[in-house]
Structure formats: C-alpha cells, structure tokens
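Naming follows writing order (A, B, C, D and E), and every chain is counted from residue 1.
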Amino acid sequence: MEQQPNIRSATPFPTGRGQRSSLWKEVGRRFIKKKMALFGLIVLIIVFLFSFVGPFFSPYTTVGTNTQAIHQAPSLSHWVGTDHLGRDVLTRLMLAGRISLTVGLGAMALAVTIGGILGILAGYYRGIVDQIIMRLADVLMTLPGLPLLFIMAAVMSEWRVPAEQRLYIVMVMLSLVNWPGLARLVRSQVLSLREREFMQATDALGLRDRRKVFNHLLPNVVPLLIVTATLSVGGAILSESVLSFFGLGVVPPTASWGNMINTANTLIDFTNRPWLWVPPGLAIFITVIAVNLLGDGLRDAIDPNMKSR
Amino acid sequence: MTNKPVVMEVNHLKKYYETKASFFNRQSELVKAVDDVSFVIHEGETFGLVGESGSGKSTIGKSILNLQPLSAGEVVYRGKNLHRLSKAEMRKVRPRIQFVFQDPFSSLNPRLRIGDALAEPLLDHGLATKKTVRQKVLETMELCGLPSYHVNKFPHEFSGGQRQRIGIARAVIMEPDFIVADEPVSALDVSIQAQIINLFNELQEKKKLAFLFISHDLSVVEHLCARIGVLYLGTMMELADRDRLYENPLHPYTKALLSALPVPDPTHKKERILLKGDIPNPASPPTGCKFHTRCPLAKDRCQKEVPAFREAEQGHFVACHFV
Amino acid sequence: NTEMGADDSTRSVEENGENEEEPTVVEDVKVKAADPSSSPALASNRGNTVVVGLQEPGGIFTPHFNTSGYDGNVQAVMFPPLVDINEKGEPFGRLAEDWDISEDELTYTYYLRDDLKFDDGSPLTANDVAFTVTLLFDPDYPGTTDLTETNLVGGLDYKEGDADSIAGIHVIDDQTIEFQLEEPNARALTLLGGTVLSENYYGEKYEKGDLDYMSDYHLKPLGAGPFKFEAYHPGEEIRFSANEHYYNGKPEVDTFVYRTTEGDSQQFFQTGELDYSGFVATKDNFELLESMEFANIDLYTSSNYSYIAFNHESEVFKDPNVRIAFNLGLDRQAYIDARFQGYAQLANVPVSPISWAYTDEIEAFPYDPEEAKRLLDEAGWKEGPDGIREKDGQKLTVYFFTTDGSGSNDIFVTLAQENYKDIGVDFQIEQMDFNALLARVDNGDHDLVSFSTTMQPDPHIGVQAFHSSHTGNTFKGYKNEEVDRLIEASVAVSDLDARAEAYHELYEKLKEDPPIILLNYNKSLAATNARVEGFEPNGFRGISLSLENLRVVDTP
Amino acid sequence: MGKPILQVSNLRTCFQTDEGSVKAVDDISFSVKQGETVCLVGESGCGKSVTAMSIMGLLQGQASVTGRMELAGNELTTLSKGEMRRLRGNELAMIFQEPMTSLNPVLTIGEQMIEVLLEHKPISKKQARMKALELIKRVGIGREEQVLKSYPHQMSGGMLQRIMIAIALACEPKMLIADEPTTALDVTIQAQILELLKQLKDSQGMSMLLITHDLGVVAEVADYVVVMYAGKIIEQGSVHEIFFNPKHPYTKGLLQAKPVIGQRKKKLYTIPGQVPPLIDLKPSCYFADRCSHCMDICLDQAPSLINDGDEEGHRVACWLYEKVAQ
Amino acid sequence: MGNYFIKRLLYLIPTLIGASILIFFLYSMIPGNFIDSDPNLTAERKAELYALYGFDQPTIVRYFVWIGNLLKGDLGYSLQFQRPVSEVLGHYIWSSFIVAGASLILTWGIALMVGVVSATKQYSFYDAAVTVLVFAAMATPSFFLGLIVIKIFAVDFGWFPAGGMTTSGVEYSGFAYMKDVLEHMILPVLVLTMLGIGGLTRYFRTNMLEVIKQDFIRTARAKGLREKVVVYKHALRNALLPAITLFAFELPALFSGAIITEQIFNWPGIGAIYMQAFSVRDYPLLMGFTMFIAVLTVISNLIADLLYGVADPRVRVK
C-alpha cells in the first residue's frame, strides 16, 4: 500500500480558506444557478427521504397482508388504498422506492465503473488491450439486450441466490448489458484526450503510467461519466421493471416500483383501481425526470466550455 | 564558431505522417513533415527555427524530445541516441530535456491546479520531497514572473501570457539543460510577447540553458537567437548566425519573409517581395526545389534538381541553386 | 355494494382454527346476455363466421406430433377420436359407433360408423386406425403420445425389435378393428381409440424407422372433424371451413377461426374481435363480463387442479408427518379466497369434482398451525433462536419453485411465506419459467414446487406418477406399497364404478402419506358473444365437442 | 476622404452570464468614412470582435446591444429583422477571425459562395456561378473550377481566408468588416491579402473596419486607428498620430513592446499586469492598475474620451490629458 | 476501397466467432430444454427423445455441429415449428419489420422536428413542454404504455383495433388488406415511437444546440441568409452527421422485434415468437435468431462507418 494513486496525496497545496475558487466550488456555484437542475436535485432528495425514511412513519408493517381489506380505494386510513393482498399501497410504494432507487443507482454505478475502467484501459493502452476489451464489448453488443437478461436470469436463478441478493444480481445484469456502450464512449473520449497536448505534456515530463491515468485521464472523463450515469439511472429503474414484467426481477413479496405496476397489468385494474398503478408510475416518472434534470445541470456546470478568458 | 560542447545533435531527421487521402481511397498519402534536417545546438545557445505554419517546426521539436517516433535519422543528446533508449532510461533523461508547448492552454490539464501541475513531475521523479516541493514550486513561479498567490488556481483562471509562463515554469522547474520552446509567443499580443521574450533572455543568462526556439515571427527570433534555421515544407532552406541571416539573407524565401514582415511604422514604405501562389500541399510537395513554385528566381532547373544544402559562407548554409 | 359482498364471501379463520364455517364457493352458472344487440359492430357484421381466441400454436397440425398444447386445440377441430369422453368424464363413441371389451379385458374391439370419410372425401376405415397405432409405435416416432402403457401385444417388438407389424392389431373388416392386450388396462379404451390419420395420405411414404417426411404434412392436415383446414397465418389465425363429409352432418357455421391471442384477451372480446373467449375465473372478470351486455357467460368447473409437490428425495420430506404438517400449516382457503374470491374451490382429493372418481367424503386438511407445529416438533424440528426450526444444526429452509410469482400472481407466495413463517419454516421463493422449473425439478434442486395439471380426461393421470415404478421425476423417491397397489387396482378393471371405488380407497391412503399439497380446483370462465349459439364448454374437453353445433343467430 | 459611411455612437454590448454581466463593449463611438480604412486595435479580449458583431447585428438573443449605428443613412438598430438580413452580406459584409471554422464543413465552397449571391442579387444560378469563379480568381486562388467543387477541409488556411474574403466581397459591399483576417497566416500570404484588400478599397471605394492586434499590419493599411482597452476606446486618431504621437500610456506601451527588426534591445518593454476581467467593473480607468502614471483620480473615476486639440480627430481617454485640457 | 473493405470484413470474423461462442454457451447454460417442457413424459421416453434430437452429446460437439451448419448457411431446424429456422424467421421478421420501420421513420421525423425547434427556440415554453413530454415517454414502462393506449384508443374510443395484424374472420385482399394492416399497425407503432423518441429527441436537441453555436452558422447569418436556410441547410445537415451512426445502429433493431410491445398487441412479430421459443427452449430457433441479429449488428456497424465516411466530407479514418 505504499504509493496509492491518490489525487489528493499529490497536493502539497491545500486549497486555502475561501477567496480562491476551486473547480468544484465553482461547479457548485454554477449548478445552483441552474434552477431546473436544482429543482431536480431537491425532488430527488425528497424521493429518497420518502423511500428510506418514510416507512418509519407508516403505521403499516412491511409485509402486512390483510385479506379482509383487499383492493380498497384510497381512504383516510389508507391514503392511496390497498392492493390485492390488502397491503397499504403507500407503505409499499416507499419500500419499493428503496429497491428501485438502489437498483437504479447501483446498476448505474456498476456500469459506469466497469465501462469507465475498461474504456480508459482500452483507450489508453490501445493495441492488444484495446482489441480484447473492444471485441468483448462488440460481442456483448451483438447480443440483443433483453434475451441476454433472460438468459442470465435463468442461469443465476439456478445458482440459488438468496432472495435478498436477487436485487444485486438484477443490478449486475443490468450493468453487464450496459457497460459495452459506455466503454465505447469512454474509450473514444480517452482516445481523443490522449491526443490532447496536455497528455503529450505528461509524456514530456516522463510521468509514470499510473499517474497519467489517474491524475490526468480520469478527471477529464468524469464529466462524461456523470452525464451518462444520470441518464442511465432512469433506464435502469425502467429495466428493472421490465425484468419484473417477465418475472425476472426481484422476488415477490419484495416490492419494486416496476413490479407494483405489474400487479395492475390487467385492463380491469387499469380502469377500476388507478391507485394501484398511478403512484408507482408517477414515482418512476418523477425520479427519471429529476435525475435527468440533475444530469443536464451537472453537465452544464462541469463543462463550462472552459472559456479561456 | 563556438567551442562550447554540443548538447543536441540532430542528424538527417525525417518524419513522415501517413494520412488517408479520402475515405474510399485507401492509398495513404505520405506527408513529409520533416525531410532530412540536420543541425546542432551547443550548451547555453539559443537556436531559432523559423518557417511558416505547417513547415514542420513543431514536428522537429517533438521528434527531438522523443515525443513521437521518427521515420529516419537520429537525435543525440549528450552522446545518447534518444530514440534508442529503453523506457526506463528515457524516463531518467526526461527531466533534463523539456518542452514548452505551442499552445499553453491545451497542454495544461484543465482540472489540475497550477501548483500541483508544477509539483507533480518533481515528485514523480523524486527530484523533491513533499516537504521541499512547495518551496521549489514557489521559487520557480517567482522566477517565471508568476506571483505565488496563483498557486492554487486552475489553468482557465489565467491569461494567455500567464499560462505561457506556467508552461515555461513547468519546463524550468525540472532544471533541464535543454528546452524546446515551440512558438511560445506567436499566439499572444505584443505586450505579453515582450514579457516572455524577456523571461527567456533572463533564464538563459541565469541558468545557461540551451534552447531550441521555434517561431515564425522573424522579429522575435532576432531578439533571442544566436543561430537561426529557416524551414520550408519540412526542409531546411538556410541556416546561419543571426547577424548574417538578417543582414545578408541568401535564400529567396528568407528574403521574402524578411521583406513581407510588416513594420510598425506607417511612413516606412519599403520594397516588398510579393510571393505568388499558395503553400503547396505537403503531401505532394513540388519536385526539385520545394520552393520553386513560389520563387521569383525559379528556373527550369529548380523543378528537376533538389538543391544541395551547402555552406555558402563560413557558418552560413543554404539550399539554393543560385547562391 | 359489491365490495361488501366480497367481504362476506371471504372467510376469516379464528385463531384456534376450529370454528370453521363452510366457505362460499360460487356455483357454476350460465348467464344470458342482457342485451344481445349491444354487440360491437365488428362482431355483428362478421356473418356466418365464428372467431375464437387461442394462444399461438406451434404450427404442427398432425395429431400426436405436436409439441404445444395449443396445436392440440387446433387438431381437435379436425380430428375426432374413435372414443371421446363426455362432460362427466365418461367415454362415448364418436368415430366408433360402439366397442366391446372382452371378459378378461384383454381384447378391445371397435366398430366404426358406416360411411366415414376424411374431409377430402376419401373413406376412413379400420386400416387407418391400424396405421395410426402402428405409427405411434415406430422407433422414430418423436411425439409425446405414449401407447406402451396400453400393453398392446407386439407393440414393443415393433418399437424395439425388428417386427414389421404389430401382432396385437387385427383389422377384422373396414369397420371393425381388434386390439390384443397383454395385461388389462382401463385406459386402453381411449388411448387406442384416439384420433385417426389417413393411411393413404400420411402413410404414403411410410417406412418403419423413418418419420422425417411427416413434417411435410404438419401444415396440411387431413382430418374428419366438423371443420376442415383452410389456411394458417402464423401469429394471426387458423381458418377452417365446414366439412360436408363430417359424420354428424355439415355444421351450420361456414367458417371457424382460431385467432392468436397472447395473455389477456379481454380487449379482443370486448371490441368484438372474438366471439368466444376464455377468461381466468375471478370476480373481477365475472363482473366485467356482466357489464358487457352482449356476453353469454358460462362459469364451469374444470377437470384440472393446482397442487404443490414435495421433493421426496429431500431428507426433510421423508417423514410423512412433516408433509402433513406442511399441509396443515398453510391456510389454503385464505389464499383461494384472496386470489379467486369464490371462483375456485379448495381441493380435497387429486381429482376434479366433475369427475366420476370424485368423492367429498374425504376431508381436506384444515388450516391448523398448532397441529402443524406439534408434528414438526415431533419430527425433531425444534424452534431455533430466530424462530426458524432446526434439526441437527440444519435450518428448516425450503425452496419453493414457481412459475408465477410476478404481477398479481404473487398472492400465493406472499401468503405461504407468512403462514410458514408462523410455524417456523423459512420459505424461500424461486421464480423461473416453466421449462427451467421442470429441468431443475428433474435435478432435484427444489423442496417444493407448484404445478397445475392439464385437463384430465382420466383420473389415472392425476395419480399415476405416485406409483413407485413411475420414472417421471417429480415424485421420485415417493414410495408407498399400499398406494402402488391401489393405483394398479384402479386401472385393472374398466368398469367405472369399480374404478371409482378403487380411487376412493387410494385417496384415503394418500391423505395419510401425502405426496402433494392440494390447492384448488379451478373454475373456468367463458364468454360468448350472444350472436353465436351452441358453445357448450366442458371441464374435460373445452369447446371441441360443441363446435359441430355452432350457429350464428341474428341478434335482435 | 468622403462622408462617414458608418457612424457608431454610444455602442454598448452586455452579455448576461452566470457570473454576472459582462460589459464587452462599453459606450464607444467612432465613424468610418467612405473609402477609408479604420483599424481597431487592442489587446486580446478587449472587445474588438464584439464591436464588429454588434454592428453586424449578430448578437441578437445573446447580448443586449444599445446605441446607434448608422450605415449610409440607415439606422441599423431600428431596422426589422428582415431588412437587417437583406443588408447583411450585401452592403455590409464581414470576414471572420477563424476561417477554418467559419465555413460549413459539409457544403462545397461553390454552394456557399453562390447562395449568398442568389440571396441578394437578382441573378440566375448560372450567372452566380460565373460570378463566383471570377471572385475566386480575384482573391488570387487559381484552379477556380476545382475550388468551387471542393469542401473547406480540402483547402489550406490561407485559401480559406481568401474564400471568406471572396464571400464577403461577393455582393460588392459598401462596408467591409474584417476581423483579424491575417492572424492565422504566414507573413508572405498575409502580405498578399493585405495587398488585395488595398486594391479593392481603391478600385471600389469600399470602406473597411479592420480589426487586428498586429501593429505592423496597422501601420501598413490603416488610415485611422481606434485603440480599445477593456471595452472602451482609450485613444483614436490618424495612423500617423497614433504611431508618432501616442498619448495614452497603453498605446505607448503597445508600441514600445513590439520587437522591431534591426532595433534589438537587451530587454523589451512590457506593460505589467493584465486586462481586468470585464465583469462588474467599478468606475475607474481600467488601465489604472497597470499604468505607471496612475493617479488617485484614475482609481475612482473613468476618464472620458476627449479631443486632445493637437489634431483633428485625435482623441484620448486619460486623466493625464484631461488635466492638460482643463 | 476494396482493400479496406476486405480488411474491415476480416475484422468481423473474430467478433462473430466470439459472438457465436457466447451465444451458444449462454443458451446452453439455461436450465431446461425442449424435451423437458412436457412433464408427462416418462424417463425412458425422454432418453429416447434426447438421443433423437442429439441432446445427449457434449456441449462442445453440439457447438461444432451447429457452427458447421451455420457456415453452410443452415440456421438449423426449429423444434417447435418443425420447420427450418430460416423459414420461421423469414415469416415473422417482416411483420416486425414493418412496425419497427414505421416507428423508426416516425421517431426520427419527430425527433428531428423537436431538435430543430428546440435549437431555434431554446428555453422557450415549447422547448420545456417537449422536454417534459419526452421525459414522460422515457419514464413509462413499455407494457404500461401499451395498456394505456389499448384502453383509450381501442376499448374506450374504438378508433383502432386492439391488437393483431388483420381483422379475423374476414378475407381482405389488395388495397383493403393493406388498409386493414395499416389500421392494426397504428397503436403498436404509436407505442414504439413513444418509447423510442425520448433518447433520440434529447440527442438531436443537443446536436442542434451544439451546431447552432458554431462559427459557420454565424457566417451564414452574416451572409444575410434566411433563417430557414440557416437552420435547415446549414445547421441540420451538420447535426445529422453524427446521427448517421446512430441510424445504422437501429438497423438490427428493425429486425429484432419488440418483445413486449408485440406481446401486448398480439402482433405476429419475431419478438413474440422469440418469447415463445424461449419458453419451450427451441434452441435452434433462439440461437439462429440471435446469431442473425449478431450478424446484422456487426454489419450495420460497418455500414455506419462507411456511411459516415460518405456523408461527411471531412472524415478520414485513421
């Protein structure tokens, strides 16, 4: 553990108190100016609080089936009604949020990590490393996504994974499908960064590879990663719901927004019991919009076109 | 002329780029960016390289410092053939030979503070410890005319001239004995230009550095360089001491350059040699003397024969049939 | 208020589980359309054509060769068997006018109707029957009809040896055919008296041991049913026209269409694309159909049922008391009520209540968690610190495999998990598609697995797999000599009363050593656009028997 | 020299940015006479290009432009969008700073030249083509047929710069704004282009506003010089006056800093410091903190542009001279 | 050209070999097979059938048999349909194609329009409204969108058929048939379009906003060109360039069917068939289809590169 490639360790100049604006502070300042993005952030925070803190305020338990109170319309005791097992939809909505948000963020983080690292490696080392990584990505990209998920779901279920961990497998599956595209994106960015003069400058200074990659390449790929990441969060939440549609997502009775909508997959529920599908639908919609607004804002804030003057 | 030791010796340097002519035409074109150029630079000397945009100046600079592979020729730095060194050996030599990039902004990592950018190579090469590095960075910044309060700023917070000085500081801080400075002033306006020229003069005096100074501005080069080479389409056209070159240019291209240089004096109406035509495509350079398409003196012979690069007077080399 | 009504019908179970009231199960009913004239124009303008929804078949319309059950539905339109079964599960003659079973039950003689014709006008004779049975014993036969069970004399010689014909088949004359069995088997009547392939047509290129050529005929069926094949548009529809050569006379309807529908077909019936459609029997669907005033509704009990099978090779379930505890510990009635709201019935024996073999004298296991706990304790499964039972340091965790846990089908898994947790069982749910489920059950990866039977024309189908000699994998490891004997007895005679008695005894035995957890008998819900008359779906054969009686009436 | 063809008065251009309001051009006035070449000089970022763009009316939606700009009697700020459009490229043309990026990469040179002619002149396509060929010849590029069919990337920087000039000249404008038309070029090519512009001025009586920071170029082509610093005009006068009698310390500094062949010095003169950021400037002389003659008043009051009396048209904005005038 | 093309084609080989290996082994890892899907089979019968279909051989051997047949152009024989895979695909792919094609055209058309308007009226009400709508479409699960559309347009209003490709029970031909199919197409196309439009619209908007900032647009304005000419001739053309790659990427999607949408609308497309084949483990069909898509993907990547080169005069592939 001697020489960790740590960006901060190389900083003998701790940012002084105040006055001088650091890059991130400036990003923050610009970000706050973007009203839409700020709005997105606030909404997202609310959604998080709703999901992770909300259930503590609910009088209903996590599973709490009650076969005497099925399909009740919204009332004072059940603000958004009950489902086909008499469970409180609001409580389930909050709990489902934990799953959906975790899957969304987790799948995104994984895909971004895998795609980011492989993309950087491919772009930086080129040659054989590039060939191997990119051919792998090509091959994965030739497989249509949904079938691939199916296959993996079937295989994983054979490996008897405990129910609590299914969630993580869904995340892994989604990120496995998504990384090749991201790796491509990052790679092309790195290829062009490589040609930038500041990378040539690191050559001229004779820096070690590790330093080049971690101190110079990585920070410049981060904005791209942030934007793709925020864009893919929504996608992942939706994909989880698609997996649920085919019974491949999280295992019931665990709720996710996706499988909550699924319980209303007949025209009868659709027409007669909107409280079953409107809340989770709205939750996904709001989250996706919030995350995308946030992504747009972050991109703008981080990429100020680097105006020279 | 000088008996100072040679720092850098460039022999028959060639650098060809392969480019694809068009998408469906797979026959790649060979851009002869640098075509057989030789010169030496002595200790403490500033060698100027002039020539219009695209004539191969930066390419020479980068090739010398082994920032890109060569097509042919050799570069010898204090007895070591740079392009034959192993990766580890090269890393040892790196701090001794430095490069100041043409475009200071693009050669600085936009997300690295200046202090870190300067400290990083020192730490990486073990030339300073974490304790001493700060002092060293601040000293160098001072030397290059950057007040110490800039140390925590990001590149985009500087003006062009300041950035250029950061680039210079980054080279100087390694205490090299040879620096390639690639057009450090041509993108700047006059007052900043002047600051940098002054800085170079000072450094050279204080640290006895050898420079390869690349520029296309003859008036700047005159201020700085002891010897000057004139490049046209990757080929050296003329090479001489400063005074000889400016007082007695031999090559018609050098003459044209000097005469075309606008003089900041509205009353000065001088005779100007107007060249005709455009700079030829470097992928299909003219046969014979590369300059013949624009040369006022061109004869049939120039189309066919490549003029030799010969010593016309003592220490004054030129490649022209008519000198 | 209908919501209240639902509450009334939902039964509540008191803590002690004793104070049970009879559950309310909705009676089978037929409801006439309130306003036939409200039929959508799309249907009313269709003329003398009837359209029925069907899941996409595989496109193999040769009987015995299909791989998908939906192909079977298509075949049923064109291929009547010699002997069919009626709505009570009793055999009756179709192509065969009558049959004889010898005293020793080893000789089966079928008497075909006079003048039988395939739909191209060619005659249908006993030779065709012989050809069909022979074909099914061909070593290269790739389908799933398995006649070895009938113990036909010479069948195995043909299949595995080099006999070039089957010794037990005797064509007496064009209308009479006789089969010789080695041992009696009550099922032989319908198995041998199945659908008939034309020898002239399907057998033209037949050579023993090579059936590859058959695939050329899969999309060009030649049958003798009420309708003959017209056209197949994969993914869209299969079109039939009335068969003038049908033995019961040409049907009134000119054209019959099976239209492909996946999953929910409500919208298609509602918009008039379908004249007849089956629905999942639920309160929701029933009410919905009532609200469509042009719909004749038919609620009937099907011959299938749902159950949960144990993995009998698992140590946990070797002890019959543990299996009984699992039966007692599950509040099946609550599940059925929540899921079907009265539109299904708790199963007590492994045969449908519409079958002649059914009895209500054997009681279903009650919901009795206390007794379940006691049995588990007795079996050595003691409650651990986390509430989950343990034995020899091993937790009582069971893996339950199911295909339908998603969407609104999560009712069972959710409730079962709660119920079993109450008695100290950690119930883990594994959801997968049917094929994977079967493969993994084959491997014995499961502890419990949920199944629903197909329609069961014979009660034997429901129990045959409990026989220890049965090599099917689901009940591998289940062995009870008494049960074996009773199963054998139930097919040893062909008299239905005698068989019924044998079954009752068997069911009693099975309750003591339960191989499965019975869940529910299903009901089926069907709706007909009132412009069509004659649909009489039954729990054994669906609509196939009534197709020949269809009639389009002008809605007033 | 004739009457003023372009009269700019009190032009102010402000950009609203996230950081605040950028006064890129701050209350400037000048005029260009018929057939005259006015040079706009100043350090990088002092607002030269923005001035040009404001006159062209190309900043709509991005910046607030106020003031009066009169072109041959037409008040540009009151023109409708359509009228302004008809004027642009026709009577008022502009050459942009960066030829490489200023031409559409996916259209041929020909298309881009012809479309402007078709837009403004009542001629047929064929005639427009002929005219385009002629223009290419005029700016000194041979092989005109071939050039017409080429895409921008197939041309060198110098050729593109001349094509930009050709496009600007296509409709024979009365007024040409050339924004650093030679910065990217080699001195030999630069000389060619300056020569061409001079010829046009003489042959067509075209007026020109030339933006540059190269004092050599100014000396060669300008009749009149306007010196800008941080969005303001700090000095203006005839080319002679500016070069031989500069008043403002900044102008003086600029002239001194320029290295001149044959006049080698040990150390070049430099102006210390740098241009202040243009955001939220307080009233003061913006040059004050770099000025060696800085006085108290310079720090809290902006000097106005005054006529220094010496010669018609030589004006300077500096407190040093304000005092003299008083 | 020729040389380069051959080189590119050669590059495809390792990718396709990799894809074939991955496809084959992934599918072979799925539990279950065709024969297992009948629970009533006895073990003996099962073993017989295994041998009959060759399932009893080692995976490697089966891979080589499969790839060998593939190389001969034989995609295999569908177990479920008892017909050659190519024949089955040939039938269903086209019905998927017409829906996907129609929706592709619509999606691109609308995305283009939105891009143009957003670029010319950035931050306007219109821009904001479109953005929200686009996000809404992006945020709706496909099956759900399908349900909504069926409920509203088919059941309640009865404007369009609820599903299928033709009206059953009637025999149309010629123009009437086309009209019938067209009517049935509307809803699935609508759903597919709404699903696809989100990303693309964002993409075009960004592209247009990027292009409109470029210097040459300023030049075009300085030339006094009409705004329409500036936007459509100068800006749009450049904004479309990077989309060409994207367009080629969409090609395989044209043939791969929309599993969920097709299922919901009963559209006789390859997506629905894929699901069905999956549920009975019709491996020859599954693998044949997946391989077909893999080949298409690889080819369209190639086409994308080539097209880009044709469309953008600047492109010089290094």
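Convention: contacts are C-beta pairs under 8 Å (C-beta built on N, C-alpha and C of every residue); 3 or more make two chains touch, one makes a residue touch a chain.
All values reported here derive from a predicted model rather than from experimental measurement.
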Least step count from chain A to chain B, where 1 means the two chains touch: 1
Pair exhibiting more inter-chain C-beta contacts, D-E or A-E: A-E
Centre distance in Å when chain C and chain D are each reduced to the mean of their C-alpha atoms: 90
Where chain A and chain D are represented by their mean Cα positions, the distance between them in whole Å: 50
Centroid spacing, where centroids are CA-atom means, of chain A and chain C in whole angstrom: 46
Separation of mean Cα positions, chain D and chain B [Å, integer]: 31
Numbers and ranges of chain A residues touching at least 2 other chains: 154, 158, 245, 262, 265, 267, 309
Residues of chain C whose C-beta touches two or more other chains: 267, 432-433, 436, 440
Shared interface positions of chain E, touching two or more other chains: 30-32, 150-151, 155, 278
Touch list for chain E against partner chain D, complex: 214-216, 218-226, 229, 233-234, 237-238, 241, 311-314
Touch list for chain A against partner chain C, complex: 63, 65, 67-68, 70-72, 84-86, 154, 157-158, 160, 162-163, 244-249, 251-253, 259, 262-269, 272
Chain E contact footprint on chain D (complex, rising order): 53, 56, 58, 85-90, 93-94, 96, 98, 101-107, 115-116, 119-120, 151, 153-154, 164, 167
Residue ranges of chain B touching chain A (in the complex, touch as defined): 62, 65, 67, 90-91, 93-95, 98-99, 101-103, 105-113, 115-116, 119-121, 123-125, 130, 133-134, 137, 151-154, 156-157, 159-160, 170, 174
Chain E contact footprint on chain C (complex, rising order): 40, 42, 46-47, 49-51, 56, 58-60, 65, 67-68, 140, 142, 144, 146, 215, 218, 233-237, 255, 257, 259-263, 267-268, 270-271, 273, 432-440, 442, 451, 461, 470-474
